[in-house]
Amino acid sequence: MIENVTEIRKEELTDEVQKIKDGGYRLVTASCVDMGPEFMIYYHFDKDNTMRHLKMTCGKQEEIPSISGVYFAGALVENEMKDLFGIKFKDLAVDYGGKFLITGDAGTAPFASNVEQTQEKGEM
Amino acid sequence: MVQTLAAVILIIIAAPIVGGILSGIDRIITARMQNRVGPPILQPFYDFFKLIGKESIIVNRFQMLYVLAYLALMITSLVLFVLKQDLLMIIFIMAFGGVSLILGGLSVQSPYSRIGSHREILQMLAYEPVLIFMVVGIYLQTGSFTVQSVLDMNEPLLYSLPLIFIALLYVLTIKLRKSPFDFSTSHHGHQELIKGMLTEFSGPQLALIELAHWYELVLILGFIVLFWATNIYIGIAIALLSFVLEMFIDNISARMTWKWMIWVTWSLGIGLCIANIALLY
Amino acid sequence: MFRMLGNIIRNLFSKPATRRYPHTKREPFENARGCIDVDISNCIFCGICQKKCPADAIKVSKDGKSWEIDPYKCIICNVCTETCPKKCILSSPEYKAPEYQKSVNRRIKE
Amino acid sequence: MPDRRTIIPFGPQHPVLPEPIQLRLVVEDERVIEAIPSVGYVHRGLEKLIETKDYNQMIFVVERICGICSFMHALTFCQAIESLMDVEIPPRAKYLRVIWSELHRVHSHLLWLGLMADSFGFESLFMQIWKTREKILDVLEKTSGNRVIISTNIVGGLRRDIEDDMMKHVLNVVGECKREMDRVKKVFTHDYTVKHRTVGVGVLSKGKAYELGIVGPTGRGSGLEQDSRTLGYAAYDQLDFTPIVETDGDCYARMVVRLREVFQSFDLIEQAVSKIPKGEISIPVKGNPDGEAIERVEQPRGEVFYYIKANGTKNLERLRVRTPTFANVPVLLAAMPGAQLADVPVITLSIDPCISCTER
Amino acid sequence: MGIINKSRVKSPWVVHFDCGSCNACDIEILACLTPIYDVERFGIVNVGNPKHADVLVVSGAVNNRNKRVLKNVYDQMPDPKAVVAIGACAATGGVFRECYNVLEGVDKVIPVDVYVPGCCPKPEAIIDGIIKAVEKMNQRVDSEKKEKKE
């Protein structure tokens, strides 16, 4: 399992990230996993080879505050997540409007499986 | 009269062949300096005929006009040089040829060829004064501007104008579009302006530009031969030696910015010329 | 300015390092991964290679007794040669020559 | 006066960049005001392949995310799966992984040094560096079968071994390349024309670099001490090395960092070859991974970050790759304004962009 | 005319466009220029400008965004031109065939003359491919000339 993960809610995101930035961490990246009914988003930070993670779950249509205000580099990661998962972000620093990685004709949000994922355990 | 006509026709046919072979040798020696085998000697001619055979994409009507003007002016300036006419006129006709190529580059909308043409103007700005100083030097030495007067001198020009000769080497580097100064358009593929001024020319137009470039090469080497006019073979030897020197300079330096070029050619080039002329008095 | 001069002069007077490719072909290293083929005589058409292939380039049909690989899909990773129980898929170090049309390499066992 | 501004598409198809990235440069007579990168020309969406291919096949897909750092991608993926299934690979495999990744780093840095020399118009240097690089590629082909994509990594160790006589061959090729690089080293560091084109170009201060999260040689050129090899994965904890750092953060510093790292990699290879123990090179691994894992490895361009979520079946549930160039792209937005147009290719290449890494 | 045909074979100018490749094939194409393989012996020059080029060397499986750029580069090239598809990705999409953003291979967008298999093909194979493409281009031009004569 991944150690020192702190579970947060959507509202605390920006000031939690601000606290981490004051702690001298740098943003490694953010990863989004499609858990079927909702998304689980990790934010990974690193300082001299020790990592800290923020874990957050958000609904498919919910809007999430962007961290590009705190970490400018976060804007690229969030644009990618907007493209691939269709997550909507509030006040993104640089907004490519869903045209960052894929053009329209490759289907919107290819990574998000809108249909319920019913994957049982064991052999496929 | 018939004799001069024959000489003119001979030159118009012989010059591109000599120019082509020289640039072929240039590509081989540059390749050997990079430990590669390099293309066959006749490669420039293969490129030339292949380009003639290509379909020509006309971007706008004036492009072909400018290219033909560039070629015609280069041919006339070479012919005048061979007929031992007035040097000043030769340099002005050469300048008009250069300007018509620049207008060809500017007549197209693409930003690359536009910025390439701006840089070509800067290059002309750099080497025109040096050519004019050369002619002034010759006038002070021989009392007239014509090529004939240089040939009638008893002792070679190089003894009296050594510094101007060095400045002329800068001009040769710029004219041959060699490495420190090849930022308007360079033979090597990987240039930030792609082909700079020549980006929009293609097919036959590019072939004619290459042809005119051979004429220009022979003309500039002709200027260098002038510096040892008494014994023509030594003159030609000096010209070829400076040609090889250009290849060395090309292979040991990176491409510099145009600010550096203006600073170097104006300060060093013109400084040398003025020093030389001051020496003559 | 003249740092590179030494290298240039050394290159100029030393033999060019070019390997004249079409005349002198360098024989390939012995365990290089060139292209895949099968000796069909002892293939039992089990289809393990078809399942294991990352690029799905192999098609095996048990009833038609045919083994087929598309060299333009194959990424030459040699997984099939390692997983084949009968060890009848061979990887030759010689690379496959370019062609005008895409072709499929099909072997049928009589 | 916006009218004097021209917008130059430093287009997707450009001779200086081997890969398509479009930089729309807002230029005011040869001075860059703003650079807007637009990417997506190489996006294949290969992270979605985990649904159709099982984790053993995914090694070969993950390796082809980027041709120049392909070994490290496979290494990170296999280490993540090994940590999920808590498999301990034999020590010889650890050393072999170090040898191959350092050979791969040398080939990637030499490639970059050649392209950098080519971007500021120094063709003979490009040819000289790539002639040395061909020796390294021959070694890679002899040991692993393919010149560029060395697919010798599997979960639980390696597929190929380097015997002793091949190890001796590797050592004397490394010695040869070290001698050749000594001849060329002076040109990069002391040649007047090279310094004129790189010193003071695209400066990035240490604070700005840390704030933007810059990794790898680009960050180390600005003074950041960050080097993922100090994490001690594979056999790096048994080898002694210190991250190479320069401080003035311009293209020249980044070039010198990579040049010194080539010699550091030569030295690491020699250390690893002298310390490599005997033994087999892989352990058979049964079953499927389950749970979440994070893995970080030092690629030639910087720290690559893998997040894998597996649910016990053959197919993984989520594979998230963040490659170093993705973290270094903000340098283009920060260091480009104010630069000359002639310096745009030099700055773009100074972060060693690997666009196929950025977009997967 | 004989001389134009002969010189077309002897000086093929190449422009390289990477549409979605993992850049292993791109660096092998660049490796062809280096001293060991030195394609300049055959007159092959890597010009960066489609307007000057005869042979378009494409690597990588085309994706939805760069298919328009590929078509645009192909249309900019003056006639007689040839296309060489390098590597498994350019031929059939290779290992990324099932990805959602990938169109399988270059021939879905532009007509391809020569396919060079391999992932990634060796520089020798790339040199073979370019020479074969130029020969095919020459035969096509000759046959067109013969039709015009009848």
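Labels A, B, C, D and E are assigned to the chains in the order they are written; within every chain, residues are numbered from 1.
Quick note on the criterion: a contact is a pair of C-beta atoms (placed from the backbone, for glycine too) under 8 Å apart; a residue touches a chain by one contact, two chains touch by 3 or more.
Here the structure is a predicted model, which is why all the values come from computation and not from measurement.
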Where chain B and chain D overlap in contact partners, by chain label: C, E
Fewest hops from chain A to chain C - one hop per pair of touching chains: 2
Most distant chain from chain D by Cα centroid: B
Pair of chains joined by the greatest number of C-beta pairs in contact: D-E
Reference chain E; chain at largest CA-centroid distance: A
Whole-Å gap separating chain A and chain E, where each centre is the average of the chain's CA atoms: 40
Separation of chain C from chain D, taking each centre as the mean of its C-alpha atoms, in whole Å: 26
Chain B-chain E separation of Cα centroids, rounded to whole Å: 34
Chain B and chain C: spacing of chain centres that average the CA atoms, whole Å: 50
Chain B residues counted as touching two or more neighbouring chains: 31, 33-38, 189-191, 194, 251-253
Set of chain C residues in contact with two or more other chains: 1, 3-4, 8, 11, 16-18, 20, 54-55, 75-76
Sites on chain D at which at least two other chains make contact: 14-16, 40, 43, 45, 48, 60-61, 64, 122, 124, 127-128, 131, 146, 191, 193
Interchain contacts (touch definition) - all pairs: A-D, A-E, B-C, B-D, B-E, C-D, C-E, D-E
Residues of chain B touching chain D in the complex: 33-36, 111-112, 114-115, 118, 179-180, 182-183, 186, 188-192, 194, 251-258, 260
In the complex, chain D residues that touch chain A: 38-40, 43, 45, 47-48, 210-213, 225, 228, 230-231, 291-294, 303, 305, 307, 309, 311-315, 317-318, 320, 322, 326-327, 329-330, 333, 359
Chain C - residues contacting chain D, complex: 1, 3-4, 6-8, 11, 17, 29, 31-33, 52-55, 75-79, 82
List of chain E residues in touch with chain A within their complex: 63-65, 100-101
Residues on chain D engaged by chain C in the complex (per definition of touch): 53, 56-61, 64, 122, 124-125, 128, 131, 138, 141-142, 145-146, 151, 159-160, 183-184, 186-187, 190-193
